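Read from first to last, the chains carry the letters A, B, C, D and E; within each, the first residue is number 1.
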Amino acid sequence: MSALAAAAQEFGPGLLVAALAAPLVVLAVVLSPKLRFAALAMSPLAPLPALAAAILAIGGAPFEGELPGLRMSFRLDLPGAILLAAAALVWIAASVFARADWTGRPNAERFAVSWLLTMAGSLGVFVAADLLTFYLVYALVSVPAYYLIADDEDAGSSRAGGVYLAFTLIGEAVLLIAFVMLAAGEPGGSLDIRAVVDALPASPWRDAALALLILGFGMKIALAPLNGWMPLAYAAAPIPAAAVLSGAAVKAGVIGLIRFLPLGAALPGWGEALAWAGFVSAFYGVAIGLTQRDPKTILAYSSISQMGVIAAVLGLGLAGADQNAASDAAFYAANHVLVKAALFLSVGVAAALTGRGRSPALIVAAALALSLGGLPLTGGALAKLAVKGTLGDGVAGAVAAASAAATTALMLHFFIRLARSDNDGKAASPQRILSWLALAFASMLVPWLMFPAVGGDLADALATATLWDAIWPMLIGAALAAGLWALGEPLPRIPAGDIVVAQEAAFRASAPPLGAAFERLDWRLRQWPAAGLSLLTIALALAAAGFASR
Amino acid sequence: MSVLQALDVGLAFLVFAVAAWTVFAPGPFAATVGYVVYGLLLSLVWIRLFAVDVALTEAAIGSGVTGVLLIGAAARLRGAETTPAEEALTGLTRLFAAGLCLLVAAALAAVVLLLPDQGPTLAPQSMERLPETGLGNPVTAVLIAFRSFDTMLEKVVLVLGVVGVWSLAADRYWGGAPGEARAERPEPTLAFFAQVLAPIGILVGVHVFWVGADEPGGAFQGGAILAAMWMIVMMARLTEAPQASAFWLRLALIAGPAVFLAAGVAGAVVAGGFFAYPPGLAKPLILFIETFMTFTIAVTLPMLVAGPPRREPRR
Amino acid sequence: MSSATLAGLVGAALVGLGLYGVIADPQPLRKILAFNLIGSGVFLVFGIVARKGAAAGLSADPVPQAMVITGIVVAFAASALAVALTLRLFEETGRATLRPDAGTKPPDDGADAE
Amino acid sequence: MSLALDLFSIAAISAGVFFFLAGTVGLLRFPDALSRLHALTKADNLGLGLIVLGLLPRAESLLAALMLVAIWALVQLAGATAAQLIGRAVRRKGPAI
Amino acid sequence: MTEGASAFAATAGGSLLALPILVPAAGVLLSFLLGGRQAERIALALMPVQFGFAVAIASLIWRSGQPLVYVLGGYAPPLGIALRADGFSAVMLVTTSLIMPAAGLYARTNFATPNDGTERRAPLVFWTLLQAIQAALSLIFLGGDLFNLYVALELLTFAAAPLVCLDGRPETLAAALRYLMFALFGALFYLLGVALLYGAYGTLDIVLLSRQIRAEPAVWLAAGLMTAGLLAKTALFPLHLWLPPAHANAPAAASAVLSGLVVKGSFFLIVRLWFNVLPALPNAVPGAILAALGSAAILAGSALALRQERLKLLIAYSTVAQIGYLFLMFPLASGPWSAEAFSGGVMQALSHAFAKAAMFLSAGLIAESLGHDRIAGLGGAGRAMPVTFLALGLGGLSLMGLPPSGGFAAKWLLMKASIEAGQWVWAVVMLAGGLLAGGYLYRVLAPALSGNRPRLKSPPRRSRENVALALALAAVLLAFAPPTFFAFLQIGRPAAGAALR
C-alpha cells in the first residue's frame, strides 16, 4: 500500500494532466486525415492514464497537479477517484464498442471529434481542483455531446439535440453565476474549490449560491421537473454514445454536487430540500418509466430515478453534516456508471443478436438490470449498503427501500421490453460483444474491489440480514411488475420526455411572438427620427443624472 | 442700450430667423439659399466676437464653398424633393422632438450664461510663447505651432474626404474627371466674370495667406479664396476639372499634409521633438509649410465640391 | 448683456434649431444643412468661450478660435462626403432616403461576391 | 471742413440706405423675377455706391479708400454677372421663379 | 505651470508614441499619391512596423510601470498637445496591430490590383483607408487632448464610412449614408461638450482636466453630450440604426475591422472620459444608465440576431449585443471591485475584437464559396469547409462566454464585480445574453455540420481560412491571460470616485 502511495505522489500529478490530455492528443491526430484511422484505433487507450491515476488514488493516497501556464489545477481525492475509475472503464469499453461507428458513416468525423472532447471533459470533471478548470471541463463534457445525441440527423435526434443543448446551456449559465458567487464569497480571492466551498457557509451569497448550484447540477442529473431532456437524448443517441452519456457524462452533475455542497456544514434546510427533490425524482422516474415502451427510454427514466436517489443521499448528508456522504454517494454513482453503461450496450447487443445467441445475452442483461434494484452479490447491493448509513433507518431509509422496489419493477419492465424488442438487422461484431461482456463483468467485479476503499466491510455485505434487507424490496417490486404485466400494461402512454413536451410548447408559444415583438421594436428604433430622439434623450438623461447625483 | 448693442440684438434675431428659414423653408433649394445668407450673417457675428480669422474662414468656407456645394446638390436633387408619406412625422412626434430640442438648447443656454465673464484662457500663454514662432498672429501660431498636430491631421482628413468622395465613382469612371464634359462654348457672361475676377481673387488669396503670419488671415482663408477662384473658372468652363488619376493632382492634394508631416518628423531630428521647430528657423519653416497648405487647400476644396469622377478617363 | 453672451445664446438656439432639422426633416440634404446649423452653433459656443478669455492684450483667446477654424474645415469635408453619398444614392435609386429598409434586403446570389 | 465732410457722409450714406431699403422692398413686392432683379441691381449699384462714396472721406489712408472703391467695383462685376445669368435663365425656362 | 511641468515630464521613449500615428498617416498620403499596386504594398509593409511600435510601447510601459507621455512640439499642455499611453492604450494598440494585418492578408484576394498595374477604384480606396483607420485608432488610443481626439474621431469616420459602400450597391450606399450621418451627429455632440469643458477650465488635456474637474452644470452637460455622441458612434442600443446594414454589407475584411476595432475606438473614448477625465465625480447614476442601455443592447441584439436570415446580418446584430457588454463596467467603476470590472470590460473589448473579426472573415469566405450567406442554405457547408466553420465556431465560443475564451474571462470578471457590488441585474443580463448567443450560433452551426456537402463555387483558400482561424484562436487564448496581464491593464488607471487631490 505504501508503495502505491509513494507511486501516487511520484506519478499522480503527471497522470492527472495526462488524463485530460490523452483524449485531446488523440483528437489532434484525428484531425490529420492521414493518421486518422490509426488514431481512432488508439482511442480506447485514451482513458488509460485516467484509469491509472484513479487506481493510484484509490489504492494509494490523494494527490494534486497543475498546469500553471494554462492556470489549471487538478486534484484527485477518493470520491473523484472512485467515479474516475468507473468512468474510465466505461469509456474504454464504449470506445471499443463504438469503433464500428468511427468509419464508413457520413458523420464519422464529427462523431469522433465530439466523442473525444466529451471524453476529455468527462474524465476531467473528476480531477478539476479549481472553479475555472471545473467549469471548463464541465462545458467540455456537456456541449460537444450535442453531436453525439444529434448524430442521426433525423427529426427525432435533431429535437433531442436541441432540447439537450437548451438544458445544457441554461445549466451552464446557472452554474456560472453560482461559481461567481462562490468566488466572490471567498475573501482571499482563491479559486480553489475546497477554499470556496469552505468559505460558503459564511458567505453573504450562501443561499443564492446553493440554490443555483442545486438548480444547475440538478439539470445535469435530470432532477424532476428538469428531467425532460434525458429520455429524448438517450433514445436518440447511438448505443455507445448513450452508454457513455448515461454512464459517465451525467456523473459530472454528481461530482459537482459532491464537490460544491458544503457537506461538512450542517445546513438542514437545504439538505432536506435536496433530499426530498431527490426522492420525488426517484419515484417520478420510475412512474413515468413504467409507461414507456422503448428500452433506451426506460433506461433513461431509470437514470432519472437513480440520480434522484444520489441527490437524496447528498441532501441528507448536507442536512446532517455527514462527511462520508461524499464517498458513499460517489460509490453508489460509480456502480451506476458501470451498470447503466453496460445496460445500454446490452440494448445494442440484443438488437444485433438473433436466435441462440440472444438468450444468454438476455440473461446477462437481466443480471445487470436487477443489479440496479440491489440484487444481492451484485455491485448494486454494495451500493445500497454504502449509502445505508447516510439514509439511516427512519423515513429516509423506508423511502429508499420503496425506491429499490420501484426500481426493480422498472428494470423488470425494461427486461421484458428488451426481450421483445426487434432485431435491427445489423450483425453483431465480436468486438462489440466482447466489449459489452467485459464491461458487464467489470460492473460486477469492480464495486467489490472498491468497496473497502469507502470503508465498507465485504463480510457485512454477505451477511444474511443484509441479503434479506436487499431482497424483500425486490420481491415487492417484482410483484408490482408482474401485476402490471398481468393487467396488460394498463398505464397511460406518456410521451417520452413527459414534462418537456409542455416546456417545448411553452417555448414555441412564447419565443416567436417575443422575437417578432423585438423585431417591431427594432424597426421603430432604427427609424432616423427615433434614433435622433434617443440620442437627445440619452444626452439629457446622462447630464441630468450627473447633475442630480451631486 | 447703445447703438452697437441694438445692432447686436438685431443681428442675433436676423441670424436666428434665417437659420429658422433654412430649417422650415418649403423646398430644399430655398433652404440652401437661406443657408448661404445665414453663413454671411454669421461672419458678421464672428467679427463682433473679435474673431476675424474665424469670420474670414466662415465666410470663405462655411458659407462660400459649402454654399456652392449645397446649391449644386440641391439643383441635382430636384425630383427627390417630395417626401414619401410614410416618412412624414406625426404631429406628436414633431412636438416631442421640438420639446427635446428646446430642452437641449435651454440647457446649453443656461450653461453658457453660467460661464464666468472672465473665463479661463490660454491667451497669456499664447502671447508668452508667440515670439518663439516669429509670428504676429496668435491664431496662426496656435494652428501651425502650438497645436500643429491637430492642423496636420485635419489636412489628412481633407485627403480622406477626397478619397471618400472619389470612392463613390462608378468603376468605369475611375481615374476620370469629375463634373460634366466641357461645353464647346463657355458661357460668355460667366467667362468674362471669371476672367476679370480670377486674377484679382488670386492676388487677394495670396495676400490673405501672406499676411496671415501677423494679421488675420492665413493658409485656410487664403487657400479657400484661391479655391473659389478655381471653382469660378471651372464653372465658367474656361478650364476643365483635372483627371483623378493625374499625378500632379494627387501631388497637389497631399502636398500640404505631406510637407507638414515631413517637417514634423524632421523636428524630431533637428529640433529635439516631433513637430518642434528649430529656434530661429521657426518663421521661415512655418511659412514654407503654410505655402504648401494653402496650395493644397486651394486644390482640395474644388475637388470636394466637384464630386466623384463622372467621365471615363482619357488614356 | 454683452455681445459674447448674446452670441452664446444664439449658438444655443442654433443648436436647438439644427437638432430639430436633423431629426425631423426626412431629406438627407436638409439634414446636411441642419448639421451645418448645429455645427455653427457649436462654433459660436467656442466663440463666446474665446471672447470670455480675452486677456494679455488679445480681444479673444486664440486657442478656441483655432479650433473653430479646424472645425469649419472638417465640417466642410464632412458635408462634401455626405452630399456626394446622397447624390450617388439618388442616381442609383431615384430617391434619397435614410429609411432603414434600404440596406437590409438580402442580396441576389452572387451579387455579394466582393 | 470736417463738418462739411461729415454732412456729406451722412447724406450719401442715408441715400445709400434708402436705395437698399427700396431695393429690398422691391425684391419682396414686385411680381416677377425680372422686375425683382431690376430692384435688386438698383440697390446694389446705387446703394452700395453711395455708401462707399459717403465712407471715402472717412478712410484712414489712400489704400483704404482704394479698397473701398475696389469692393464697389467687384460687387458691380458680380452683380452684373449674376443679373445676366438669372435673366438668361428666366428667359430660357420662363419666369416661374 | 509647475503642476503642468510635473505631469508632462517627458518619459523615456515617449517619442515612440508619435510614430504609430504618423507612420500610417504617411502611408495614407503615399498610397494615394503613388496609387495602383503601391497602395497595397505600402499598407502591407507598414503593418509589421506598426506591430513593432505597439509592442515597443507596451514593453516600455511594462518595464516602467508608468504611463508613457510625450509632449508634441515642446508645447506642454494646456497650450499644446500631449500623447499619453497607459496599459489600456497599449493592449488596444497591440490588438489593432494584430487584427489589421489579418484583415489585410485576407483582403489581398478581394482587393488586388490587376497584373497590368492599372489602378482600380476599390483596391486603392481600401488599402488607403485601411491605413487611415489604423492612424485614427492609434491617435484615439494615444491622444491626451480632447479636441485632438475629436479630430481623431472624424478621421476614423472619414476612413470607415466609404469602406461600407465600396461595392457601390444601392443598399450599401444607403447604409454608408446612414452611418456617416449618424456619426457626424455624434461628433457634433462630442464637440459641443469639448467647447463647454474648455469654457469651464481653459484646458482640454485629460490629466489637467481631471485635476480641476468639479461637479457643476457645465461639466455634466458636457459629459452627457460627449457620452451620447460617442455612444452614437459606438452604436449602443438604441443608437444602433446604422450598424447592422453597414457591417453586414461591407466587404468582409472591412466588416472585420469595422466591427472588431472601429466601434471600440469611440468606446475607448467613453472609457477615457469616465475613468480618466471624470473619475473624481459621483458616477453611480450615469453609470447605471449606461449599463441599462448595455443590457437592453445585449437582450435586443441577441434576440434580433436569432431572427436574421443572413449570416452577416446575424453577426452584425451580435455585434450590437456584444457592444452592450462593454457598458456593464460603468456602474461598477467605483468600489473595491472596480479593478475587476475594468479588466472585464477591457477583456470584453479585446476578445470581441478578435472573435468578431474572425467571424466576419469566416462569413466572408462562406459567402464567397457558396455564393450566398443565407442561413437556411448553410446545410452541410461545415463539412465542405471545416476550417472556416471552426473559426466561426471558436469565435462564437467567445461570444457565448464559454470557456476557454476571452469572452468567458470577460464575463467572469464583470459578473464577479457586479455580484460583489450587489448589482445582480447585470449578471443576470449577461447570462441571458450568453444563452441567446448560444441560440443564434446553434442556428448556424447545427445545420452547417449536418446534411450533405453543398457544391462550392470555389473552395476557400487555405491561407485565408488560416487567417480567420488565427484570429479565433487569439480570442480563445485570451482566456489564459496571466495575472500580470491584468496588472498591466491597471497601469495608469485612476481610481474612480477618488477624492480630489
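The definition used in the following text is that contacts are C-beta pairs under 8 Å (C-beta built on N, C-alpha and C of every residue); 3 or more make two chains touch, one makes a residue touch a chain.
Because the structure is predicted, anything quoted here is derived from the model rather than measured.
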| item | value |
| --- | --- |
| Third chains touching both chain E and chain A | B, C |
| Relative to chain D, chain with the most remote C-alpha centre | A |
| Farthest chain (mean CA position) relative to chain B | A |
| Chain nearest the overall Cα centroid | E |
| More contacts between chains, A-B or B-E | B-E |
| Centroid distance [mean C-alpha coordinates] between chain E and chain D, Å | 57 |
| Averaged-CA centre spacing for the pair chain C and chain A, given as whole angstrom | 62 |
| CA centroid of chain A to CA centroid of chain D, Å | 95 |
| Chain C and chain D: spacing of chain centres that average the CA atoms, whole Å | 33 |
| Interface hub residues of chain C, defined as touching at least two other chains | 15, 19, 22-24, 26, 32, 45, 48-49, 52-53, 61, 63, 67, 70, 74, 77-78, 81, 85-86, 88, 97-100 |
| Junction residues of chain D - those touching two or more other chains | none |
| Where chain A touches two or more other chains at once, by residue number | 526-529, 532-533, 536, 539-540, 543 |
| Pairs of chains, among all present, that meet the touch criterion | A-B, A-C, A-E, B-C, B-D, B-E, C-E |
| List of chain C residues in touch with chain E within their complex | 15, 22, 28, 31-32, 35, 38-39, 42, 45-46, 48-49, 52-53, 61, 63-64, 67, 70-71, 74, 77-78, 81-82, 85-86, 88-89, 92-93, 97-100, 102-107, 109-114 |
| For the chain A and chain C complex, residues of the former touching the latter | 523, 526-529, 532-533, 536 |
| Of chain A, residues touching chain B in the complex | 529, 532-533, 536-537, 539-540, 543 |
| Chain E - residues contacting chain A, complex | 178, 182, 185-186, 189, 215, 217, 219-221, 223-225, 227-229, 231-232, 237-241, 281-286, 288-290, 293, 300, 303-304, 306-307, 400-404, 411-412, 415-416, 419-420, 427-428, 431-432, 434-435, 438, 442, 446, 449-451, 480, 482 |
| In the complex with chain B, residue positions of chain C that touch it | 1-21, 23-27, 29-30, 32-34, 36-37, 40, 43-45, 47-63, 65-70, 72-81, 83-88, 90, 94-97, 99 |
